[in-house]
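Presented below are the structures under discussion, each in the form of structure tokens.
One chain, subunit A, appears in both complexes that follow, with subunit B as partner in the first and subunit C in the second.
Moving on to the complex of A and B:
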């Protein structure tokens, strides 16, 4: 990378007063390929009767990428077209989405091929080969990014995927053209209705909350130069767009309710929450078995409750807001309070208020933590391969933990509150 | 076969929440047979045609071939 480029990198600083990473007004959150692919799979399960769901996945990525890069290019007006392309290629890699080259594109679109694409590879690793292309996010990202480079309105271009790593193809190919129909895409909620807050770390435990947050937020978690992938904690991580998750999750839920009726939305909410549980199992489990955890955190942990605290401290470095333990009864109950959770931030800005709790990722995540520590007894069993069979063990335990959201900012509360008890 | 038997089998042998995902995909078929998410009960008997569709869904979703009837024996 030349000297000029080194001054033009788009990153996203960690903001301690918000527990958020913000890159040009787009909040970024750490999430793994298990969550990314499972969440997408659930949405795609409905495509036979929600035909818009595939376009929702693409458009949501297009909206956030467009908003982010337009902001960046507006404030860096001196950048030429090639510089702008480099900014985007570099950010795609940095965020762990993979490797791309925009060399064969212009204001009319173009064709982009990638031999390393997070969604294509992540899907294949998690579910095996796919019969259809799966990289909706990448497709939308590229489309929105090209619009931003060339000063087009969001929605003027449209993209589709013609080959996919998940299908066994040697590369994923994306074709972007001028949209045949007039499309107006929604603006990104950008930073959302975020809160500023001061974390109150517990004093009577051997877990250094602030030290853990400091260490994790300074880890060099970025895509490798060759692959553009972040391989860490035994998962493929991304610095993903918080607004992408919210657009697809809540947009899907809205469409689902319209199609099948609000009285039937329980199954969708269960599965959106299960995506959070899958995420916790894999990412929290991977972190709590990582060399970094073993070297820096584990030596001070004496009890399973210390492990719960250690992981909650770590979550505060994910960009997910402020997580604080309100109550922890060993092997019985966990209550976590969340300020500035990214789900509520985006929901409040884009959708307004809700009459049901909407922090699905947080609910599944807190539940997954209790199941890792107590149901699975990870502190005693590590190192443990966290595969599908082990995941089944949790669910086959009659007294596994289940969670519910007791307070929700989108319902008018000042914070989110998640309570997890045995079923 | 009863819904409850299939639900337990899929969630235990295939993947947790497999039944919920199958049900999500099954909706158009359920509507055809006069069922909906909130009206389908554990004791409902599913016919051959529905089981065949479930087989196809599981194969597509998890790359697994199942024979639910044999598996229940």
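Moving on to the complex of A and C:
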């Protein structure tokens, strides 16, 4: 790394008063390839009747990358074109998205090839080979980033993917051109309607919430130099854009309402919540079997309830807001209160109020945690290979846990409240 | 070999052998010294953040080998490229020799 480069890194500080990582006004959240790919697959499964979802995936990434890098370059006006390219290549790696080079691009677009791309590799690992390109996020990211480098308006360029690691190609290739049609993309909600808060760790349990948060937020989680991927907790992690998830989730919900009918939107809500449940199964399940967990958290755990607390403590370091357990009845009920959840932050800023609860990831996540601990009995069964067969065991259990959002900030409440009970 | 450790496959993976080993003794500095032949050792000092926590070790060599675990605990996660099955044998031999030395 040369001296110039060392002074212009874009990172994203952890803000303890918000439990958020913010990089140039864009909040970043930790999510793994299971959630990233599964959520995308949910949307793609509807493309036969929602033909805009593929463009939604690209545009959503374009909007957030453009907003972030435009802000950064506006405040670092001395940077030349090559410096700006380095900033973007470096941030892409840092966030765990992979490795890219923008050398063959200019203000008219260009071609970018990547031999290591989180979505292409993550999809292949999770689902096997794909028949179509899958790196919509990367495509949108690159398009928005190029617009920011060259001072273009968001939407002037458009990108598409012509080869993909997930298809077995040796690299993913993205082609970016001047957009043939006039497109106006929505501005990013940036930091959203966030809250400041102080976590109240429970006093009567052995889990050291504050120590866990401190340790996890200081872990050197960034993409490897060679691959640009973050391999930790037995998953491929990303420091992803909170607003990307919100753009695609709420954009999908809106499309669903428009095309299928508002009266059927519970189907879309169930799909998005299930994505959160899958996230918990894989991400929480991976974390609770990782060496990091065994070193940092497991030494203090004695009961299954301690495991629930240990995981909730860890979630507070993911940039997902403040998670607090209000009620935990062993193998019966869990109630979690969330302040400054990233879903509500973005929704409130971008759409205003909602007449239905919108914290889909949180609802699925809290539910998944109870199913891991009690339905699967993970504390007693670890190490356990968390594959499709094991996931099916949850759904085959008559008394699996199900969740619902009782309070929602987007509906006027001061916090989100998720309640999980047996079905 | 079974007397010295047990292992469970923790992920189905075509590229890597991914296993979780349960060892007879808690991991100590003697074992870490012997495992360093597999790659570069990193230690995450979680104990400086929480009095209840132990320290994490990771031994990595490029994208081919990752061995991690907790110093003072009896579990080790191993991920070794399927291109090098002999490395798995070497790793298990290291565990066995270390157990004999204890």
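In this section, the second predicted complex is superposed on the first by the 423 of 423 C-alpha atoms of A that agree within 3 Å, B and C clash if a C-alpha of one lies under 4 Å from a C-alpha of the other, contacts with A are read in each partner's own complex, and residues count from 1 in each chain.
In this text, a residue touches a chain if its C-beta (ideal position, glycine included) is under 8 Å from a C-beta of that chain, and two chains touch if they have at least 3 such contacts.
Everything quoted here is computed from the prediction, not taken from an experiment.
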Clash or fit (per the criteria above) of subunit B with subunit C on subunit A: fit
Contacts of A:215 with subunit B and subunit C, given as first, second, both or neither: second
Contacts of A:254 with subunit B and subunit C, given as first, second, both or neither: neither
Partner chain(s) touched by A:206 [first = subunit B, second = subunit C, both, neither]: second
Which of subunit B and subunit C A:81 touches, first, second, both or neither: neither
Which superposed partner A:227 touches (first subunit B, second subunit C, both, neither): second
Spatial angle subunit C-subunit A-subunit B, Cα centroids [nearest 10 degrees]: 100
Partner chain in contact with A:391 - subunit B first, subunit C second, else both or neither: first
First (subunit B), second (subunit C), both or neither touched by A:383: second
Which of subunit B and subunit C A:294 touches, first, second, both or neither: second
Least C-alpha distance (whole Å) that remains between subunit C and subunit B when both complexes are overlaid: 16
List of subunit A residues in touch with subunit B within their complex: 41-42, 45-46, 48-49, 127-129, 131, 260, 263-264, 266-268, 270-271, 274, 388, 391-392, 394-396
List of subunit C residues in touch with subunit A within their complex: 8-13, 18, 20, 44, 46, 49-58, 62-63, 66, 68-71, 73, 75-77
Residue numbers on subunit A that touch subunit C, as the complex places them: 125, 206, 208, 211-212, 214-215, 218-219, 224, 226-227, 231, 234, 289-292, 294-300, 383-387
Sites on subunit B touched by subunit A in the complex: 11-12, 15-17, 20-21, 23-25, 27-28, 36-38, 60-63
